[in-house]
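First chain A sits with chain B, and in the next complex the same chain sits with chain C.
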Partner chain A sequence: MLRSLLPRLLSSVAVFLLIAIGLFTLVRLAPGDPIDMMVPPELAGAPRDAYIASVRERFGLDQPIVVQFWRWLGGLMTGDLGFSYTTGRPVGELLAGRLGPTALLMGSALFIGLVIAVPAGVIAAVRRNTIADYTISSVSVLAIAVPSFFLGMLAIYTFAVKLQVLPSSGMHSTGRDDLGDLLLHMIMPVGLLALANAANFIRYVRSGVLEELEKDYVRTIIAKGGTRTRALRHALRNSLMSLITVLAMTIPIALSGAVVLEQIFSWPGMGQLAIDALGNRDYPVLIGFGLYIAVLVLICNLIADLSYTIIDPRVRTAR
Partner chain B sequence: MTDHGHSPASTVDVAPTSQESSPDKLAWRRFLKNPVAVIGVLALLITVLASVLAPVISPYPPNAIDLGNVRQPPSADHLLGTDSTGRDVFSRLLAGGQISLMVGFLAALMAVAIGTLAGVVAGWFGGIVDGIISRIIDIMLSVPAVLVIIVLAGVIGPSVPMLVVVIAGLAWPTPARIARGVVLSLREEEFVQAARALGSRTGFIIFRHLVPGVLPPIVVSATLLVAEAVLLESSLSFLGAGVQPPESSWGNMLNEAQSLTVLSSMPWLWVPAGLMIAVTVLSAMAVGDGVRDAIDPRKNN
Partner chain C sequence: MTKQTAPTPPLAVHDLTLDISTPQGKVRILEDVAFEVRPGEIVGIVGESGSGKSMTALSVLRILPAGARIVGGRIEFEGVDLATLSSGRMRRIRGRRIAMVFQDHMTTLDPVISIGAQIEEAYRIHHPRVPRAKAREKMVETLELVGVPDAADRSKQYPHQWSGGMRQRAVIAMALINDPDLIIADEPTTALDVTIQAEILAVLRELRDRRSLAIMLITHDMGVIADMADRIVVMKEGKVVEMAEAHALFSSPEHPYTRKLLDAVPQPSDATPERGRVEEAEPAALQVSDLVVEYHRSWRRQGVRAVDGVSFSVPAGQVLGLVGESGSGKSTIGKAIVGLAPITAGSIRVGDVELKALRGGQARAARERFGMVFQDPASSLNPRMTIGECIAEPLVAHRRTMSRTARHARVVELLEQVQLPAAWTTRFPHELSGGQRQRVGIARALALDPELLIADEPTSALDVSVQAAVLEVFQDLQQRLGFSCLFISHDLAVVELLSENVVVLQQGQIVEEGNARSVLNDPQTEYARRLVDAAPFPDPARQRARHVTRITNV
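Let's look at the complex of A and B:
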């Protein structure tokens, strides 16, 4: 198994390096100079130039580009992603600080999404072309088609403005940090993200179970006098196995959904950090975010490959 | 289109006259019998038409500021009211539709063109070529487009052409995978083998025999990609990484309505744009599903 994984690992490292070079080049080619925004407005003439020079030196921007790249790459290896242009704080620290809220949001939404999607998808597959199937499929299509930010605004309008039962933004009310308060803040963003995830997964579960139910072994079970439940149990096991791979592959995509919802509900996660950096042209933060996504995508791909090998003995022996 | 790869005529709704039972006509008739798909086509047509005719039917210029008429509720003068700088919401909705639909269609078209070619090449040549293309497809399928575009928009600045190119650049793996699968089975078909044996050049085989065979499922994938691209554009414009104000798009109209006061007391500023996104995406998805059921009736039953 290790032998089949090693080339994939190496190709992932190569892809990561390519992305890193791409991102670095991109920043150097970018129009505009973010340093301009850091100069206090009261400075003019010579003091202004001196200030800009000092900032350039502080960030190492006065060095030749190759030197800058080597330094940057060396820094990356030691976890040093540079400093935010706007706050002056280390990018690694900024990203790490936002990881918790985003992980909480995504983790609970993935979990709840699965808890909804597996039974719903199985019901839709087993009761194919019945009211139950149509209802489940329609709801999942609706949840995919209606943008989550619109649903989010509708939810805020309903539950925060009209009914006033849920807080409209943030993770905590001011002055409170107990679990109940946190859970109350989580209901809307987690609920909507879970709905989006579930809508996605339901289609995979449904088509996966349908595919298994048509296989020969299911017919054999029935032919030998086995019950439908028994046949379903076998089919379910086989189809849910492939769901693990799908799950690993969709985690980076689910992060997009989290970013949008963080923006609506002012959830203090990585998405908000990235959107703020976008507004401020804070290149180091954006690059750090980009590298983080690249690592996430590559790791999730490796996990998908690996889970495939572990779950399915045929793949293991075939390689 | 093609005269192969289709299922034999279903006997239920077909008169066995030779004229009427060509697979294309059958598919077309099956499509027209699907009410959801037909409603989808009509809704999409109306939206496209309204956007194309926007300059003619807009009662006001979409970017015309009127500070004397700020945040007016819908009235006879302003069908959908005015926004925070007195611009006519109905006119902005039409202008926004233009951009949203243009991005959606262009991105889907580009993605399908790239994807079809890559998929056909991978499926036809196999071996290392297929290995490399398939590996790229695998990785690209889990790349989150929204996040990539946020980073790019932050670094090189947001723009509509960038949006189209990047969405297409990230969306092509879906049609590519479909095209590859079809070509893998077409490759073994006798008419392709015959063309090969007769010494046809590869380019000829690809464009004469493979691409037409791949087209039906690709059309399905293309309509779904339009839906996906419209959703992506609106999410990005909502986040500030897409279409930039003062230019309007459905996404950034919602962005401008994020304050609690607007949310609670001025629904005309955000509900219409949200509904337009939902209706457009739903229609495109319904059309895609309808086409799929029409060209491959076996899948449905």
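Let's look at the complex of A and C:
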């Protein structure tokens, strides 16, 4: 198993380097200069130019781009992602600070989404073309179709403004950091994200199970005296492959933050960080964010490949 | 474990009638089907696809597809009517008293669970309190019974690691593990090579003798029926048209449909002509010399040598048969000729053109000189193209200057040659039957008036009577148009019908060649003999005699 994983690991490293180069170049190519944002507006003329030059030097932006890249790559290897242009804090620290809240939000949403989606998808598949199937399928399509910001605002209006049972934003109420308070803050954003995830997964579970139920081995199980439930267990295991693929695609997206929902609920997560960095042309933060997503995608793909080999013997022996 | 012959037959089907509801309304699939299976008896059910033979089998176990309903009749199993039995009691009969052996498909077994575990499951469903180790022991024992070597170790493997013949044994073991009274085998050997088919059939026969098991054998292969069945039920369009003892049915079939089925089977003739007649007068249409084809799997793995130094030639205007089991390299040779497989070494000449040296445009031009008919007419025609477009495609590719009207005229001409109505140019492949589609395939292959036709198992996906009609068209066209043909098949009788000479391949090498009839009647090599012996004759008496000789030879 390890031997089959090694080439993948190496190719992942190569992909990572390519992405690093790509990101670095792309951000430099973008129009606009971050230093414009840092110059105090009252400066003009020569003092302004001198100020700009000094800032350039301080951040190393006066060096040729190759040198800049080389330094940056060297820093990267030692875990140094540079400093934010706007706040001056290390990028690594900024990202790490946001990872916790986002992981908490998205992890719970993914988990709850799966807990809803697997049974619902199986029910929709087994009771195909019945009321149960139609209900589950239409709710799932509806949840995909309605934009999350709309649902978010609707939820805030209902539960925070009208009923006043849930806090409208943030992770903690001022002066409190107990678990109960955190959970209370999580209900709305997690609920909405879980709904969106579930809506997405249900469709894959349903079609995956349906496809497997059509296969001959299901008939074989019934023919040897097995119950429908037993046949379904076999089918579900076989349909896991497609779900893992979807998960491997969803997790990196989720962990990069739900930009809109984090904004609405003022959740101090990755999405907010990325939006702010974009607005300020904060290159180091943007690049750091990009690399973080790249690493997530690569890791998730590796894990997905690994799970295929665990679940599917055909993949295992094809190596 | 010997059961005394019961006074009542284990299975008696009375007036079974079955409907399937479709969006167009109800369709009657079975009507008043009646037959019985006695202990220790093999009852063969024959008929073409769509005759309802599989539906009959599925009805007995009540594992019908959605929408199908038994609307009349009784299925008596030891006096109990299965048609009205509660689903719980039915479950206790399935797999335990009546077991099913399905045709081998890649998906008959669950691909992600080991074969052993799946066979054990069949046992544990009906014996939930038996410890795992005991079930495992029973599983290994049953696998050994059906002739799986190293059963204890091999049972840990997964379906994709077993060959088709071995998987079929696993499915039989799964059916046997609960010691059932009746086995329903639905085309148990259809997807297998003749030699493996013979082994599987021997396993079933032996089980019947040893355990006085009743077997309901469903097949479209008259040879298999002649080989196995004590009694035969002939079905057509959901009805039983004839039912008789095997020897009576074969010697004096009463119903015209039965006669048609029997006549459609290509019969190997008995006469042995003189051997070694080789004509070298005309230049060969196809000359293959020392052909080697290797597939390179990947940079780390050694290549597979599919064809290993094969030489033969097809004289102009003649048909050469290429015979062998799957994996013998027969299809690869056909592919190498049309450029779908690499020529690693050796040469292939069509007329006076050496194919190996050709690249790009020249190779394309050379392909004008041969046509190819593929095995599966369903997937070798583009489902989104009309019949006319399919047939016209070679013309579009090679005859750029041809006008639309000329092309249409040629398509119509080709359709008439393969005896299809000219008006069908606008139809789509799915509107045609298998036999009609294969005629379209032949028409397409002939579109450019090729010197050489390569036919890769063109009729093995078809029912016997359909096969006979397609072969007739083929033979007629070959004689009329005079093209040479390389006819690839695993069916010796078909090859003998069409071709003067035959080449027998084994593992990429020629083991025997010569006049088709003499190879068939008097094979000189062990392998060819095995191949000939394995193919069952559609004649019970002769088949029985062969069993005897086979046994005494051993």
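What we mean here is this: the second predicted complex is superposed on the first by the 305 of 319 C-alpha atoms of A that agree within 3 Å, B and C clash if a C-alpha of one lies under 4 Å from a C-alpha of the other, contacts with A are read in each partner's own complex, and residues count from 1 in each chain.
The definition used in the following text is that contacts are C-beta pairs under 8 Å (C-beta built on N, C-alpha and C of every residue); 3 or more make two chains touch, one makes a residue touch a chain.
All of these numbers come straight from a predicted model, not from anything done at the bench.
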Check whether A:P147 is in contact with chain B, with chain C, with both or with neither, and answer first, second, both or neither. first
Scan A:Y283 for contacts with chain B and chain C and give back first, second, both or neither. first
Which partner does A:G180 reach: the first (chain B), the second (chain C), both, or neither? neither
Considering only touches as defined above, state whether A:P40 meets chain B (first), chain C (second), both or neither. neither
Going by the contact rule stated at the top, is it chain B or chain C that touches a larger number of residues on chain A? B
Tell me, which parts of chain B touch chain A in their complex? 135, 138-139, 141-148, 150-157, 227, 231, 234-235, 238-241, 251, 254, 257-258, 260, 263-264, 267, 270, 274, 277-278, 281-282, 285, 301
In their shared complex, chain C is touched by residues of chain A numbered 215-217, 219-227, 230, 234, 237-238, 311-314, 317
Per the touch rule above, chain A residues touching chain B in the complex are 11, 15, 23, 26-27, 29-32, 129, 141-142, 144-150, 153-154, 156-157, 160-162, 168, 249-253, 255-256, 259-260, 263-264, 274-275, 277-279, 281-283, 286-287, 289-290, 293, 297-298, 300-301, 304
Tell me, which parts of chain C touch chain A in their complex? 61, 63, 91-96, 99-100, 102, 105, 107-114, 121-122, 125-126, 158, 160-161, 171, 174-175
